[in-house]
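Reading through the C-alpha cells given below for one structure.
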Amino acid sequence: MKKTNKLYLIFLIVFLSVFYFLVENQFYRSIVIYVMFNAINASLLNILFGYAGIISLGQAAFFGIGAYTTGILTVHFGINPFLTILIGAFISFVVAYIVGFPTLKLHGHYLAMATLGFGMIVYILFNEFTDITGGPSGLVGIAKLSIFGILIDDESKFYIFFSVIFVGFSILLELFDKSFYSYKLKFIKESESASKSFGINVSKVKLIVFATTSMFSAVVGSLFAFYSGFISPVSFSLKYSIDLFVMATLGGLGSITGGTLGAALLTVFPELISNFEDYEMIIYGSLLAIIVMFFPQGISGLIKKMLGKYVRS
Amino acid sequence: MLEVNDISVSFGGLKALSNVSFKIDCGINALIGPNGAGKTTLFNVISGFLKPNTGYVKYNDFDITALPPYEIFKRGISRTFQNLNLIKEVSLKENLYLGIIEKMKPSLLKDMLRTSKPFWKNVEAKIEEVMEITNVSKWGDLKPESAPYGVLKNFELARALISQPSLLLLDEPAAGLNNSEKENLANIINKITSMGIDVLMVEHDMSFVSNLSKYVVCLNFGCVIGYGTYKEIRENEDVIKAYLGDIDA
Amino acid sequence: MQFFYSGLTSGSIYALVAIGFNIIYNTTGLINFAQGEFVVLGGMLMYTTLTILGLPVSVAFLVTFIIMFIVGVVFEKFFLRYVKLKTETNLIAITIALAVIMRGIAMVIWGRDSLAVPPYIEDKTISVIGGSMNSQSILVIIVCFFVAIILSSFFKYTKYGKAFRACYDDQTAATICGINVNMIRMLSFAIASLLGALAGAIIAPITFVTYTDGIMAGLKGFAAAIIGGLGSFWGGLFGGFALGVIEGFFAFVLPSGFKDAFAFIILLLILFIKPTGLFGKKKAVRV
Amino acid sequence: MKKMLLILSSLIFLGGYAYAEINLGAIFSVTGPASYLGLPEKQTLEMLVDEYNKAGGFKGEKINLIVYDDKGEDAEARKKFLRLAQNDKVITVIGPTRTGPSLAIKDEAQKNSIPLISCAASKVIVHPVNKFIFKTPQSDELAVEKIYEYLQKNKNKKVAIITSQDGFGDTGRNALLAEAKNYGIEIISDERFKDTDKDMTSQLSKIASKSPDAIICWGIGPAPAIVAKNYKQLNIKAPLFMSHGVASKKFLELAGSAAEGMYLPAGRLTVVDKLSDKDKYKPILMDYKKKFESTYNQPVSSFGGYAYDAFMLFKLALEKGGKDKEKIAEALENIKNYVGSTGTFNMSKDDHNGLGKESFLMIRVKNNDWEIVE
C-alpha cells in the first residue's frame, strides 16, 4: 500500500492560502483561478490518458456541456444554480456513456480522431442553436452562485470557494492514485489482453472512467460559467482540448502532479511574455518543443529526479 | 473436467483447426504437435479470445464457448501467455495484483479512505505465499525489464496461480528455459497439481512433457491425431510420422 | 449537382493533405499534426516568389519545393530525432509544438492578412453538366490524381519505396537488412512537407492563404486519411474526395450551418463500422 | 511552484510602481482569427497617443498607453482587463475588437467602474445601457437599414442572405432577419458558412435555385471574397450586397475581378478621396489616412477608424472630466455632435453609440475601385 504523498497536498494548501493573504491584487488571483480550472481539466485528462491510455481530444466538449447547461438553465429558465450543476453533470455522464460505447472500441489514432470529431460536433451545436445557446456571440448574464447566503460575485470570494474545491479535488485524486482501482487502469493501458484474461471487463471499466471524468469536467464547466458570467463557444473549441493535452503531457503523464504542474506553467507563462505578442507563439512553441524533447517524463518527472527520494508521487 | 467438442476454426479459407474433440480430466495434461499445428489457436478458443466457427467447449458441463475472456476467468480458468504479457510500468509484485484484482475487491470507499489496512495485509500475505511457491520472492520490487527471463516466466505463472484457478492453461511454459530452470518449473507444476489445480499446457519439449504429464493430446495440421497416456502416444505411428517425417517419403 | 463539383475542389485539398499524413504514417506510424502548416507555408512561399519576386511560375514552384524539402528535413532531423523518450504521446506533442512554431513564424513573416496568389493557368469557368467548375479547381483535381499515381507506384515498385514500407513494419528488421532507417524517416518527412507545400501552392489561387488556415486543413486532411484508411494512398485520395462531397452535399441539403457537423457524424459512423477505413489494411493483433 | 511565486511577486512591484502618468489601457485581437482587424486598431491608437504626447499631452502629463492582445478569446480578454484594471491602474480601456470578448468584460468594467469604449459592432454591448460601456462602430442595424432602404427603392422584394458563423456574421444575421419585416422584404434563403471554409458554391447554387431579387453576404475576412468569386463562377444574375465588414482595399485585392458591380454600405473612410470637398468629414479622414499610411505604409482600414474615434472620444472626455474615471464616463455620455471618422457621435443617457444612418454611404465596386452610389 503506497504512502499518500502528503507533502504535495500540504504544499498546495500552504501555497494557496499564503498567496491569498500576500497578494491583494485581483488580477493575480484571477490567474491562479484560471490555473486551477486548467489544472482540474488537465488532471482529468491525465487520468483518462496517462492512466487508462484513452486518447481523448474532445474533453473541451464536456467542459462546455457543463458550462452551457448552467448558462442556459439559469439565463432562460432561472433554475437554482446548484441544481444546474447536478443536471449538467448528469447530462455529461449520459452523453459520455452513449458516445463512449462505440468510441472506446477504437484505439490509438482512430480513438483520437473519433473524440476530436465528437468535440467538433458539440462545438458546432453550441454555435448553431443560436436562440438557446446565444450562438457565436455567446450567452450573457449567467447567475452567480451563493453558498450559505454569501453571493460569490467577485474574485476574492470565488478564489476562496474554488481553492477549497480544488484542494478537495486534489485530495480525491491523490487517494484515487494510491487506491487499488488505479492499478486496474494501468493494467488496461499496458495490456488489454492480459487484463481481459484476469477477469477485468475492459470495455466496461473504460466506459465508467470516460463517463466519470466527463462528469467532473462538466461540474468544473458549470463553475466556469458562474465565474465568468459570460460564455461563448470559443472557450470550448478544439484549441482548448489540445491545450489540455499539451498541459497533461508537459506536466508528466501518469503522475498525479502532472496535470497541475502542466496547467500552472502553461497558464502563467503566456502572461509573463505577453508584451511581445508577435513572438509569443514562437516562444510558446519552442518552450513546448524543448520540454518534450529534453524532459521526456514531463516536469513532474524532472522534479522527482531533482528532489530525489524526498517526494514519492 | 474440460470437454472440447468438434471445434473448427478457419481464417478465411485456411483451416486452422478442423473438428478437434477431446476430453481432459484432473492432473497435468499436455497439448503437443509440430509448429503451426493449431495449438495456440485452440488455446485462444478455450480462453475465449477466439470464437470457433463450429463446435463447443464445456468446462464442468458449462458451455463457455461464447463467453468473453473475463467471464471464463470467473469460472476458474487462468492462463499464461506465450510471449510474456507482463505490465512494464509497475513492479513485478504489483503485476501480481492483476491476478487478484477482480477476486478480492476492497470497498471503493474504504480503499479510498486508506482504512483498508486488513485488506492490504491479506493481499500481501497472498503475494508472499505465491512468490514462495514459484520461489521468486527476492525479485518482487524490481521492474519487469530488470529481471531475467526465467524469473519473468515464473512471475507470469505466479500471477495465474494467485487467482486460485481450478484449471491453469500454460502456453509453452518451458520455452526458452535452461535445464535447471526447467527442473525448477517441473517441481512448481507438481506442487500446483498437488494443491488440486488441474493443468493443461501447450509444449514442444518432449522430455519435459514425458516425465510430467499424465495425459497427452497430439495435434497436427489442425486435427487430433492421437490422445492418451504419454506411452500410448509414443507408439502411435501418426505421431511419429508427424514429428520425424515419413521414413519412406 | 453543383455540390458535387464544389465537393471535388475542397475534396482534392483534403486528399493531398491526407496523402501527406499517410506518407509519414507509412514509414513512422506517426500522425503529424503540423501537416496543415506545411500547406500554409507552401501557399505563402508561392505568394512571395510569384507576387513579390515575380518569378515565372515554374521557377516559383521549384523554389517553394526546395525550401519545403529543407523544412521537412529540419523538422525530422533537429526535432523528432532529439526527442529522448519516443512514446506516441511525446511524438504527437512535438508535432503540435512545431505546428505552433511554424504558425508563429508565418504570422511574423507574412503578417496577418490573407494573401492572394495569381492563378497559374488562365482563370475561366467551364460549365459542366448541372453546374460549373473553375479551371483552377480542375487543375487541382488533376494534380491530385497525378500525385496519387506517382506515390503509390513509387511505394509499390521502386526499391526505395519498399525500404519505406519495411521501416513501418519492423524498424529493427529493416536496419538489419542495411536500410538506413533515419534517412528514410527524414525523407518521409521531407516528401510529406513537399506534398503539403504542393497542396498549399495549387489551392492558393482559389482560396487565398492566411496563417491560421493550417489548423482546419490539418484537421480535415486527418479526417480524410482516416475515412480512406490510414496508410493507403488511394484511401487518402478517395477519403479526401468523399469528405469534400459529403460536406458539399450537406451544405446543399441541410441548413448549411450543420454541414461540418454532419461531415464529422459520417466520419464517426465510418470509424465505428469499419475502423480501418475504406481501403485500410486490418492490422492483426497477436495475443 | 516556489520559483513561480518569485516571478509573480517581482511582477507586483513592477506593476504598482508606474510613475504619475495617465494610464490608458487597450485590448485588441492582435493574433488569432480576427487579427487583421485588431492590428490596424492597435497601430492607429499607438499613432494617435504618440502624436498627443508630442503635442504636450494632457496639461503636460503624458499618456502611458498599455496594449494587450486577447487572441479573440473571452478568457484572455477577461484576464487582460483585470491586469489593466488592477495592475496598470488604467482610467479607461479601449477595445476589444470582437463582440464576444467585449461582452465577457462588460460587467468587470462596471465592477471596477472603468469606462470601456469597445470597437466591436454588436448592439448587445450597449443594450441594456450601462454607465461605463460605450462603443464606436455603427451597429449592424444601421448597415442593414441602409441596404434595405436601397433595395426598397429598387423594389427588390425576395432576398437571400448568406452569413458567416462568427460574432460578426451572427449579429448581422439577427439584424437582417429582424429588420426585413419593416421594409416589406421576404428572406427566402438563410445560408451559413464558416470563416475557414474554402468553397461556398453549394450554398450559392441553393440560393440561385430560389432566384432571389438580391443576395446579401454578411462576413469579414477572406471568406466573403471567396463568396464573391463563387458568385461570379456560377454567374448568378441577382445583385450581390456585402456588409461594411469588407470595406477595405484588402478585399478588392482578394476578390479581384469577382467584386465588380458589388454593392456595400461603408463608412466614409473607405471612399475618402471620392468625397466632395464640402463634406465635413473629409478633412479629418484625409489627415488620418495620410498619417496612417505614412507611418505604417499600409492602406488605411475602416476598422482602424473605430479606434481613432475611441481615442478622440476619450480625449474629449479627458479634457472635460479630468483624470477621474467616474467623471470621464459622465463626460463621454454627454458628447454631442463630435465629427469622427465613422460618423457624427451624439451620445445620450440611453444611446452609448450615438451614430445615425448617415454614418453609412452606399458604394459600388467599379473597375477595382469604390464608387459612391448615394
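When the chains are written out, they are named A, B, C and D in that same order, and each has its own residue count from 1.
To be clear about the criterion, contacts are C-beta pairs under 8 Å (C-beta built on N, C-alpha and C of every residue); 3 or more make two chains touch, one makes a residue touch a chain.
These numbers were taken from a predicted model, which means no experiment stands behind them.
Colleague: As a test of understanding: of all chains, whose mean C-alpha position lies farthest from that of subunit B?
Modeller: So the farthest one, by centre of C-alpha atoms, is D.
Colleague: When contacts are scored as defined above, which chain pair ends up with more C-beta pairs, A-B or A-C?
Modeller: Answer to which pair has more contacts is A-C.
Colleague: Measuring from the mean C-alpha position of subunit A to the mean C-alpha position of subunit B, what distance in angstrom results?
Modeller: Centre separation, subunit A to subunit B: 42 Å.
Colleague: Taking each chain's centre as the mean position of its Cα atoms, how many Å separate subunit B from subunit D?
Modeller: From the centre of subunit B to the centre of subunit D is 73 Å.
Colleague: So what's the Cα centroid distance for subunit A and subunit C, whole Å?
Modeller: Once rounded, the distance between the two centres reads 31 Å.
Colleague: Where the centres are mean C-alpha positions, what is the separation of subunit B from subunit C, in Å?
Modeller: Measuring from centre to centre gives 48 Å for this pair.
Colleague: Two or more other chains in contact with one residue: find those residues in subunit D.
Modeller: Counting only residues that touch two or more other chains, subunit D contributes 31, 165.
Colleague: What residues in subunit B touch two or more of the other chains?
Modeller: Each of 49, 81 in subunit B touches at least two other chains.
Colleague: If a residue has to touch 2 or more other chains to count, which residues of subunit C qualify?
Modeller: Within subunit C, residues 107, 215, 257, 260, 287 contact more than one other chain.
Colleague: Under the definition above, what is the set of subunit C residues touching subunit A in their complex?
Modeller: Subunit C reaches subunit A through residues 25, 31, 79, 82-85, 87-90, 92-94, 96-105, 107-108, 215, 219, 222-223, 226, 230, 257-258, 260-261, 264-265, 267-268, 271-272, 275, 287.
Colleague: Please output the residues of subunit A touching subunit C within their complex, sorted ascending.
Modeller: Going through subunit A, the ones touching subunit C are 49, 55, 102-103, 105-106, 108-110, 112-114, 116-118, 120-121, 124-125, 127-128, 193, 238-239, 242, 245-246, 249-250, 253, 278-286, 288-289, 292-294, 296-297.
Colleague: Quick one: which bits of subunit D touch subunit C in the complex? Just the residue numbers, please.
Modeller: These residues of subunit D touch subunit C: 31-33, 35-36, 39, 165, 190-194, 196, 198-206, 221-222, 225-226, 229-230, 232-235, 250, 253-254, 256.
Colleague: Which residues of subunit A touch subunit B in the complex?
Modeller: 1, 4, 172, 175-176, 178-181, 183-184, 186-187, 189-191, 193-202, 254
Colleague: Could you list, by residue number, the parts of subunit A that touch subunit D in their complex?
Modeller: Listed in rising order, the residues of subunit A that touch subunit D are 11, 15, 19, 22-23, 25-28, 30-31, 34, 127-128, 130, 135-138, 140, 154-155, 228-232, 234-235, 264, 268, 271-272, 274, 277-278, 280-281.
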